[in-house]
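To keep things clear, I will list the structure first and then write my remarks on it.
By written order: A, B, C and D. Residues from 1 in each chain.
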């Protein structure tokens, strides 16, 4: 199936790249979405089965794939609106559509890959497609953003590759040469700790660029800022999840070796620093998109803290990353409408959104509540579990510091969002504000509702899948 | 069971429906919804008081586990208070919001928030599952926040709102810590596990657990030093919301503390002293700051802190009584606290509502601009007067009854107390007396300046009394206030059930104590009634005597000065001057003065800005510190590509090197050891 | 019940005696003992002048003030016989009822919108606030000593035994006298005979009252004095039988009146900003009494 | 023999750290390509010939010729000034590079692994880190690109260490090499060169947060 999917998707990409006709484009996009969902259902039907030797439909992949498919529908729909609203030259359009489809395909394949090298290849492809999307606006700043993104991603991909090389060295001692995760886990006892240590260090550092974690967090920020908001929705949700997959799958391997504790320490340090960094900038930043991006960094920090703490933290981490994907993408999608109203993304020149687009304002409000993990948002549950895992791991000081930082973040986030919602902006004439139909906010409402529902009342299926995906970890 | 699901379902329907309605419909639906929920919950509550505790269990979800709802007399008492305040406040609010008719979107948001607020408050009293409790708690905080920022287009309002939001979030963090603690140890979210845990561990554990919870709830209740959000949030909110916040929102904190007292089994005596001391300080501090306020709502907000202090003193004494096994003291203390909770809810909401009427008539909250309103709005004046007398704890009104109970708990405690407790007692008495006196000082000032004398500022627009229908709930509250004043034993009868939950004795066991207290209260009721009768008689006598006496009217005697102007009146500031000179060191009053100078002085001015010393040192300074600390790190993302790469290198190298270096150091020390 | 009559009777003469003592002390003959009562009766006959500024508050306030004093009077016992109202902690009721009167006298002063009466009101409120703790602590120490919490029981059970208790009794008397002075705004806190409004407390509050209302206020003042006198009496006559007690009552009331008169004629008024210190000093004295009580009960161990 | 080549490789690193002219950077890259060509030839003697040929072609054509020429072309086309303009004086750079090499030697000293030829490890790591150092310490964007190329060479050397066992990893490395270089150079060629004249990193610092 995956073969069909990849071939189909790539041919669609090529098609989109060359076709200028609108109807045909939409036809192809629709086709692709169908394909995407077929893959999703297929992977659900034969869960835990391997395909083309390099892809496995395991539970983690499936969970993220569903998230992906749901978000991708909304993202493509809003990309359409976006391009209608700000008409671009036809070739730019087709590049946009081609690369967004390529991005989605690469990410999906990356989820499913069961071989570290394959994951790595698809990560590389995401860099390519993402850079094309970031450069959509063809202006100086966009170029700068693209350049930085490409360069840092290239470096980090190289890091990952170095990591893989070290891993192979580590594996040689075990007398095996198969770099698939399952094999790694089975041989985990025999891996050479020295090489494994280096491997983990490099692979982790490499994937932080995608995950948006300290140390390589900067690239993602600029990308999400410069990319069109619908793409930002993808970059800040599912692409981050790809980074998570990359790290998590390998972490499972390390967790079964004596290095477990050390790895936890490494992850914990990076994660806490990420939360710290996001706090620093949540106070400062005045650009709404960048603010959202930094909140994404904060959440990734939380997720990795959950992983580092272990225990119930693993469960919480996976739940959190799924819910966060929904919430953050909905916020980014809402931003497109916000931008259409004010034609500006600086908090200073934006305000009283409640008056111009009530539905959208409600999305922002709910999104804010969800993103800051206040009850009744689903993220509250996962954060609660993460705190609990930290408590269980006897990391009270970390927990206290974390809570302080989170409080500051809520304060800064709340201040800005409420300014956007209620306070009228200075010298802004609302004479030619476009009327925005509330239906455009529907998708965001659905995503947020999903986040709340899955958090507060997770179906037994979901719980099972999450439990299964952390099954290999030492509890 | 079914009625509970209905009770949850109806509001949700309303919440969904409201945004698509006409303004009138919105108001009506909201209020009907309110009445429905209130009616349902009150019915259950009353049955719980009469027929003992009831319990329901919901399935809950995979996350929460089974959700236990339990309604005992304590919950019931608070539910009743909540419903009273909400029914009156909602009714009043309908008319209050008429002035904002054009902002439909805000109003529908407001209505939703209002329903959710009421629902969550009522639910909080019955939920026995910590995770669900937390969620409901935050729902309550959020809806209150939405309700507060109704006039969110003002940046000041928004600031106050966010301040409130953050502080209530901090409170939830403390609660969360406590609950996580218990959940980690016992693996259950049910409140019962708290009891198990505290019983199966040394009292010190229970003590810390309680303090953790206490801080969490104290933020909501507004104990010193967790009070700083109150004086900002109350003036910012629309008046009916301020009334409700001050009336019941902060009381839910009190409920939480009481619930924890019931749940956590530990050394009550030390808890008692802890609460008693904090409360005494809160009471004094609150009223001392209240006196120097110019903004009426701020003044009332500080008085809420004071009254929370009084309630807290009751709780503290009750705990100590419980710890010493002195049932009578425990009873007096707890009943006093519970009754004062109701009383404060009544007169404080009434005060806020009357102030709201004044505000809508004059569009100002600054005392110094008001005056002589009694001629324009007699009803409002009367209502405010009643509430003011009540809040000073003066007979024949309700305030006296609860304060009397707390006083007498102190005097009962005296009988068999050793040295240290005696000193505590005497100073708490001192505090209580001073609180009473200062409250009187404050409210004579407020009433005198707002309603009496001549207007200190000419208002261009006419000032009118509120419509009669808007005054109905206010008169209802006033009626209750007087009713409790002259018929306290009846209300005590109801309270005693809740008290028995706290003192932990079964129904029927407490008949003798209850009886003795009830007798005393009966005397008070009679005395108050007699007092009122006496006043009326005296007044009639006066009428009779002065019937055919000549009464002329002239200007106020200006001690020889013949052309008095309203400017010459004694202002609020001058009224409190001697006070603020005495306590100037404790308070923080910023002054801008342009003194009178020269032979022919021109313009002279004196501006004073009262500020909260605790807020300055506990909130403002630390926040500034943290911000500047975080500000030092903004270079991190300075847009230079090299740096971004550098972080990666540093990260990897340090993680490789530090362990090696550390190992080397260890080896070195090993080597030293071997020498 | 008995106390009621006694206090009323005492009230008739008390102020007269004070005035007489003062005039004698200053070498004048002075008015008759009954003069104050005559004044009141005269006032009752007169019509009234009301300020245009003032409102209904101004008219009902004196009545409420008077009835609050009467109410307080009903609480006061006499030796064995209870007051008309008597229950546990009734002295709290006593103090707070008086507080209501104060509340209304203050707001009625503010009601005139005068530039002076507010001053008096402010001082009155502040000083009575400072004065109250003394009374409560006093009663607290009595409650501690006797183990009872109502006026009548306390006084009934109060018996002067050891030397220490003599000292306490004297202190208590002192405190009560001083509280009486403050409550009735006499020397050394306030000088009713001063002619400068800026230095008045009580007098300046009732500048605008006239006719019947003024009469009520004055007579309320007389009653108040008698009430505090009665309290002092009760300190000593707890156990004594009526045939000795009643004469004792009048003797003590008389002595107190004389003392007040002497104080007023031989003592200067405090400076306004010293009053606060003085009044708070009373509180500390009553604290002393409390610790004395602790000593007596031997709880220092 | 391999060791000699690798030592020469390290020497090129030292030269790189003190080189002033951008052109000499490109020359060094070319030299490294050639060295790698021989190393491949000598090292990967166990893999099938086709693969070997492919790898050797990549090294000689792509690393040794195409990229350096292309960079030189860019230098001319965007008439970039010829100095490398480091933040730090060359002397310091030399010291740092030396330090890196010594550090890697020390690090490799603590390895207890019989499979690995430590020479490769030392060379690879020192190349990677000095490449990173060059990126961090030079002012021009094009020097970033060159630094990246050097890193790629280092990675290549590392992959050669395991090349006999896992040739597909070497291929992966080559793929990365080509892919990334094309992407980066493509952007550089098409856009940055046109948009920003005389490219200095300082011009690309508008996306920041303070």
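The criterion applied here is as follows: a residue touches a chain if its C-beta (ideal position, glycine included) is under 8 Å from a C-beta of that chain, and two chains touch if they have at least 3 such contacts.
Since we're looking at a predicted model, the values are computed, not measured.
Asker: Listed by label, which chains are in contact with chain A and with chain C?
Answerer: Common neighbours, chain A/chain C: B.
Asker: Among the chains, which is located farthest from chain D on the basis of C-alpha centroids?
Answerer: If we average the C-alpha coordinates per chain, C ends up farthest from chain D.
Asker: May I ask which two chains are joined by the most contacting C-beta pairs?
Answerer: B-C
Asker: When the centre of a chain is set as the mean of its C-alpha atoms, what distance in Å lies between chain B and chain D?
Answerer: For chain B versus chain D, the centre distance works out to 69 Å.
Asker: Give, as an integer number of Å, the spacing between the C-alpha centres of chain D and chain C.
Answerer: 100
Asker: Measuring centre to centre with CA averages, how many angstrom lie between chain A and chain B?
Answerer: About 43 Å separates the centre of chain A from that of chain B.
Asker: Can you compute the centre-to-centre distance for chain B and chain C, using the mean CA position of each chain? Integer Å is fine.
Answerer: Going by mean C-alpha positions, chain B sits 37 Å from chain C.
Asker: Can you pull out the residues of chain A that are in contact with at least two other chains?
Answerer: 147-148, 151, 155, 221, 281, 284
Asker: At which residue positions does chain B touch at least two other chains?
Answerer: 634, 637, 641, 645, 648, 656
Asker: Provide the list of chain C residues touching at least two other chains, using ranges where the numbers run on.
Answerer: none
Asker: Kindly provide every pair of chains that touch.
Answerer: Going through each pair of chains, those in contact are A-B, A-D, B-C, B-D.
Asker: Across the complex, what residues on chain D touch chain B?
Answerer: By the definition above, chain D touches chain B via 107, 110, 129, 132-133, 135-137, 144, 201, 204-210.
Asker: Residue numbers of chain A touching chain B in their complex, please.
Answerer: Where chain A meets chain B, its residues are 147-148, 151-152, 155-156, 159, 198, 201-202, 205, 214-219, 221, 262, 266, 269-270, 276-277, 279-281, 283-284, 352, 354-355, 358, 369, 374-376, 380-381, 384, 387-388, 391-392, 403-404, 407-408, 410-411, 414-415, 418-419, 421-424, 455-458, 460, 463.
Asker: Note which residues of chain B are touching chain D in the complex, please.
Answerer: Going by the criterion above, the answer is residues 634-635, 637-642, 645-646, 648-649, 656, 660.
Asker: Spell out the residues on chain B that touch chain A in their complex, using ranges where they run on.
Answerer: 19, 61-64, 105-106, 109, 131, 134-139, 142, 149, 152-153, 155, 158, 161-162, 165-166, 169-170, 173, 176-177, 180-181, 183-184, 626-627, 630-631, 633-634, 636-637, 641, 643-645, 647-648, 650-652, 655-656, 659
Asker: List the residues on chain B that touch chain C in their complex, please.
Answerer: It is residues 371-372, 374-375, 378, 385, 389, 392-395, 400, 404, 407-408, 410-412, 414-415, 418-419, 422, 425-426, 429-430, 433-434, 436-438, 440-441, 443-444, 447-449, 452-454, 519-520, 523-524, 526-527, 530-531, 534-535, 538-539, 542, 545-546, 549-559, 561, 564, 566, 568-570, 574-579, 581-582 of chain B that touch chain C.
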